[in-house]
Amino acid sequence: MAKLKLEVNGESLGVEAAETALLLDALREGLGLTGTKRGCETSHCGACTVLLGGVAVHSCVVLAARCEGKEITTVEGLSRDGELNELQRLFLKHGALQCGYCTPGMLMAATALLRRNPKPSLEEIKVGLDGNLCRCTGYTGIFEAIQACALSGK
Amino acid sequence: MKFQGNLSIARPVEKVWEFLWNIEKLTSCIPGCESVKTIKEKEKYELKVKDSVGPITVHLELLAEVKKLEPLKSIEIAMEGKDFKAGGVRQTMTLVLTAKGSESEIDFETDVNVFGRLGTLGYPFVKKKAETVINEFSENVKSAIEANG
Amino acid sequence: MGNLKVKQPSYSSIGKSAPRIEGEKKVSGAALYTADHLLPGTVWGKVLRSPYAHARIKRLDTERAKAHPGVLAVLTAADIPAVLTGRRLRDMPMLARERARFIGEKIAVVAAADRNVAEEAGQLIEVDYEELTPVFDPLAAITEGAPELHECLAEYQGLPQIGTRLKNTYSHEEWLLGDVERGFRESDHVFEDRFATQHVHQSYLEPHSSLVSIEPDSGIIHVWVSNKVPYNTKNSLADAVGVPPEKIVIHVSAIGGDFGGKGALMDLPLCYFLAQRLNRPVRMIMTYTEELTAANPRHAAQILVKTGLKKDGRIIARQIKVYWNGGAYGAMKPIPTVNLPGAVKAAGSYFIPNVRVDSYAIYTNSVPCGHFRSPGLVQLAFAGESQIDMIAEALKMDPLHLRLRNALKDGDPTVDQKGMVEVQCKEVLEAAAAVTKWKHFKKPAQVGRGMALSYRHVGLGDANARMSVKPDGRISILTTYADTGTGAHTILCQMVAEVLDVPFNQVGLEVGTTDTFRSESGTGASRVTFVLGQAVLKAAAKLKSLLCERAAAMLGVSSDQVILKNGRLRVDQDSARSLSLAELARAATDKSFQLEVESYHAEHETPPEGVFAACVAEVHVDVATGQVTLRKLDTVHDVATVLNPVGHQGQIDGGIMQGVGYVLMEELAMEDGRVTTANFGEYKIPNIQDTPLLKTTLVHSREGASPFQSKEIGESAISQVAPAIANAIYDAVGVRVKDLPITAEKVYRALKERRAENQRPSSK
Amino acid sequence: MERKLVRPHSMDEALSQREQHGMDALPIAGGQSLLVMLRNKLIDPKILLDLESIGELRGLQRQSSGVSIGAMTTFFDLLSSTDVQSAVPLLGQAAAKVGSTAIRNLGTIGGNLCHNEPGADLPPALLVLNASVELRSRKATRKVTLTEFFRGFFETAVAPEEILSRVEIPILPQGARGAYIKHAISPEDLAIAGVAVMLVPDENKADAVGELRIGLGGVAPVPFRAAKAEAAVNGKVLNDDAIRAVAEIAASEAEPMSDPHASADYRRKMIKVLVRRAIAAAMERAERNGHGKA
């Protein structure tokens, strides 16, 4: 077993995990951060998307040990002391979620997209979220929420 | 998974049968076949096959049984084996021999069933791998027969 | 009646896009789904599954597995009661007992603290199988030579006593109107076509999960499970494992998508047996490979449609035979006839005097099938609405006119309704034609348009509701109906805010456990707003009169002089004298009585009002590769009051994209009973890049069966999408593909055949 | 016995692990395919050799002789690198078509080549770029052309004691134009058929083709160059008939296999369509910016 020191949402947390443990299991089972969801576990659905060094990754195909010394952001880190951020509010306003299981991953992928490209076109939004499946919304509400967030510039 | 194919061999039927009849030689044409042990002549054999699909390595201990044996005509072999980690394999193979003038032709039909993790998650890899293994096997058989004079 | 622009009564909360009440938890990652409940000491349960489609289990040796380091328990059928389970038809063992009937059927279960150990130990279980002849095609399963899958079918609990018994058939449902033979005799044209549809997976992103923890002293069995019918599940679990139902408490948690697929027991009994044996909480979470190979997908089907028409295009006879590939067990089907609810609408949205529908649910050695959004109707609409276009082509009629010519109208009988009411069929069709300029569409090369139509009814069932005023004056609804993502909970709060005339954010909703009420149907079949909505409104009415009564006593007036207006109890004509809800609640607690009411509501009769929807699809076909690109999708929906516009639109868009996946890409491909598309790289569902331009048009009418004159939307947006796209492909390049999905390769092959036919010198 | 994770900081350290343990020390680059196989127990190496912290495997240098790309360069690095855009735009085009955003963020060129899954997007492009790979062991370094590198179904020339360290792409001839076209159900899939084409103009005859290179993916156990088809047209005028002939020959060189997405026969037929379209796309790009740089 390995003793990892992970920087998650600005906090330095110790977690015990197998040497080749995956980040998804370290976050959920190790640190009890169950906001990141376990979906397909084969790198296709995106429900487990988190930010690693500000970049969107599927935490089901990332070694936890590799994340030491890098900044990890999960959905729990988006809101500051209970206050939802602009993207979260717009997801609610535009019906960008229904069952909510893809939402944590979708929010993280959208956050990474907007950091890389603050004013994305519809096509760029589609490419930015091409690794995040949603079965409830038909994706339209998600487009609108991200476009609104880009316009608001927050 | 069912595969068919046929092989034309530039040797007379008797020569080809002599090879097919010799089960050790025949089964050693299986790619990755490391050892063949006769348990009961012309009936039961134990094979050790090690093969890999990229990083996936499979160590199979196969029990091969000769189901049907019609000299100069056809031979049917059933094989079954397990790999502790990846799962198991069950295969039947029928070879039918026909004379083509001074040469001969083998029509073969094989049905491969793969179980365990290889059977579910590995299915796409395994199916394509099975195709390449069978092509390789038939080439080995052809070159083995045509090789010795 | 044209596009009736009905003046909607002005509401304060109803008709607004109120934000999802559980939304904040979902976007912040705080929402707890079954797998998110982390109890200390929890161990994993993992299942060993049959590699054979049909086999006798001769020997089962678990010694080596039990001895494997880290393994805490290994259970097989011998260790558990020989009870058969099922939502209606009880035909499925919890673990295969001497006989495996599909690849993936559960043979044994292993418990270990480490998930990997639990998975690996399964391989150490030695099983001797004797292979039996399998049968995979329903049409073969009913022939004499087919193997009998369930010899003791007659003894099964819940076996429907209807229709005729074919081999391997556990349900034959018949729907009749008039005399279909006479209808065909009087027809000038008769068309007969066969269609085939594939297995598809609901593809909710949350895999089935269950967690069981048993309190040591009291023996209370706490259950968290991704299941939307907690009371049915509690009772069937109790029967299955032999414990009194009162011992079981199911905590209703958030569900990560259902679409009809999360109503069966799945791994729950095994989870219990392990928890009971180990005195530790046990969790079982299906991997997505297990979901795609051994859950409860939508039924594949062989469908025969025979339609008779008069010269003038009137349809006077339609006969449908549908052979459902039910899979190895019927245990996943919830309705009493153990058949598919869509069968009743097989004849389509048309007035046809003579109709016969035969719907057969048949055993085969493949994955047991269950419900998926508008079960049965999606398959039958593809067949029926494809054939309508084929008929229009043959009669040289515009497909729009053929539909308008036969569209259902008020008072028309169908196989299950004496006379339809509030029918908006023509209006929906005319609106679709108008908004897409159907008649004057100049068709660019390889572009085509297709149309389709279907209708649904709202779902039936029963529901409880409890309502109280909290000390801070907030109103709290208590339900045990899960919101599987549809937004139903938000709508309930809007309804209560409306009738009690309080601001929307002063109404909250809590989800209880199966201790809260005795029993109810649970979420499904688009019944929640209709049935639970009325239960909640009854509770609101009771609460209102209780509040007025209490306020009257405190204000010293008679209760009929008190009115509830924008959040305060006021004396009529003297509104200065009033009390806030908070004051009333505090007073109530002093006098130690609760401001709490309870209500129950049941609906057993399908309301005669159908909810119609049309779809016009525009596609481009790349003739060199056969690839279909969806350019635009117009859908038209028959609505009355729209309770929550954003929620309503979400149900439409979600239903559409599931329809798009169904027709163009989704298939649980099977080879000799084995599902070969075992992950999302192989089983393709629409992703964000596949969403075309979607345009929704609402056709308003006055009345709806659901509260506030609203109509069903959950399952009425999906069924017409597949046939509309199939018809558009025909319009674009003249090829008719009658077996789903319509992949690029199938279009390519059909195009080649058509080119070959054109070159062949005509036989005359 | 618990699996070990070894994270060497130098090639030496990594190569000695490989020398000691061979295939049991399985290198992991981006891990986007490998970790799925690990999680599902299809592979069970004793050691995972994490290449992330080896500086020598990183970096993309544009030299006069061409472009040298470290094995740990991610797809995202490739599709956003200005050097790639100007020197070998075809590689950026192919990298943009691999998997999804998250996979492009972590997946690497070295991992993609060593996994060698049929239908992968980079191999056809790298084949027509005449790329070669540098394979290093503790004792020696050798350079292998890509055609020799792809040995068999999921198999490459990497020996148990070796690690793929760099991908070398020679400078493109003047006026060369490339295009990569992929036919798949959804953009993020492996290709049902993937065709890359590089069109090198003939110095003296304006409308003739000096050299036509065709790379095919997803239509055989390994990605390969359609050598026969190329030979049929090098030096000739590329008119419609010539293009159709090239497409026919290329299709005949394939050994496609069936899977749930497409049958073998359909894959072969798609090669004809895609080769014609790729050549047209490359020629159209040639006209668009005259005979300037690729």
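We just call them A, B, C and D in the order they show up, numbering each chain from 1.
Quick note on the criterion: a contact is a pair of C-beta atoms (placed from the backbone, for glycine too) under 8 Å apart; a residue touches a chain by one contact, two chains touch by 3 or more.
Please read these numbers as outputs of a predicted model, since none were measured by experiment.
**Student:** Does B-D or B-C have the larger number of C-beta pairs in contact?
**Tutor:** Ranking B-D and B-C by C-beta contacts puts B-D first.
**Student:** As a quick test, compute the distance in whole Å between the mean CA positions of chain B and chain C.
**Tutor:** Taking the average C-alpha coordinate of chain B and of chain C, the gap between them is 48 Å.
**Student:** Would you mind pulling out the distance in Å between where the CA atoms of chain B average out and where those of chain D do?
**Tutor:** Between these chains, centre-to-centre, one finds 34 Å.
**Student:** List the centre-to-centre spacing of chain C and chain D in whole Å, with centres computed as mean CA coordinates.
**Tutor:** Centre-to-centre distance between chain C and chain D: 44 Å.
**Student:** Which residues does chain C have that touch at least 2 chains other than itself?
**Tutor:** Chain C, residues with two or more chain partners: 120, 287, 289, 676, 679, 681-682, 687, 689.
**Student:** Two or more other chains in contact with one residue: find those residues in chain A.
**Tutor:** 41-42, 127, 129-130, 132
**Student:** Would you pick out the residues of chain B that each touch at least 2 other chains?
**Tutor:** Residues 85, 121, 124, 127.
**Student:** Judged by the touch rule stated earlier, which pairs of chains are there in contact?
**Tutor:** A-C, A-D, B-C, B-D, C-D
**Student:** Which part of chain D faces chain A closely enough to touch in the complex?
**Tutor:** 2-5, 7, 28, 31-33, 35-36, 38-40, 48, 50, 52, 76, 99-103, 105-106, 187-188
**Student:** What residues on chain B touch chain D, complex-wise?
**Tutor:** Residues of chain B touching chain D: 52-57, 85-86, 117-118, 121-122, 124-125, 127-129, 131-132.
**Student:** Which residues of chain D touch chain C in the complex?
**Tutor:** Residues of chain D touching chain C: 40-41, 183, 185-190, 259-263, 266, 269-270, 273, 277.
**Student:** Considering the complex alone, what residue numbers of chain A touch chain D?
**Tutor:** Interface residues on the chain A side: 1-2, 18-20, 22, 41-43, 46, 49, 55-58, 60-63, 65-66, 109, 112-113, 127-132.
**Student:** Within their complex, state which residues of chain B touch chain C.
**Tutor:** So the residues of chain B in touch with chain C come to 1, 84-85, 87-88, 113, 115-116, 119-121, 123-124, 127.
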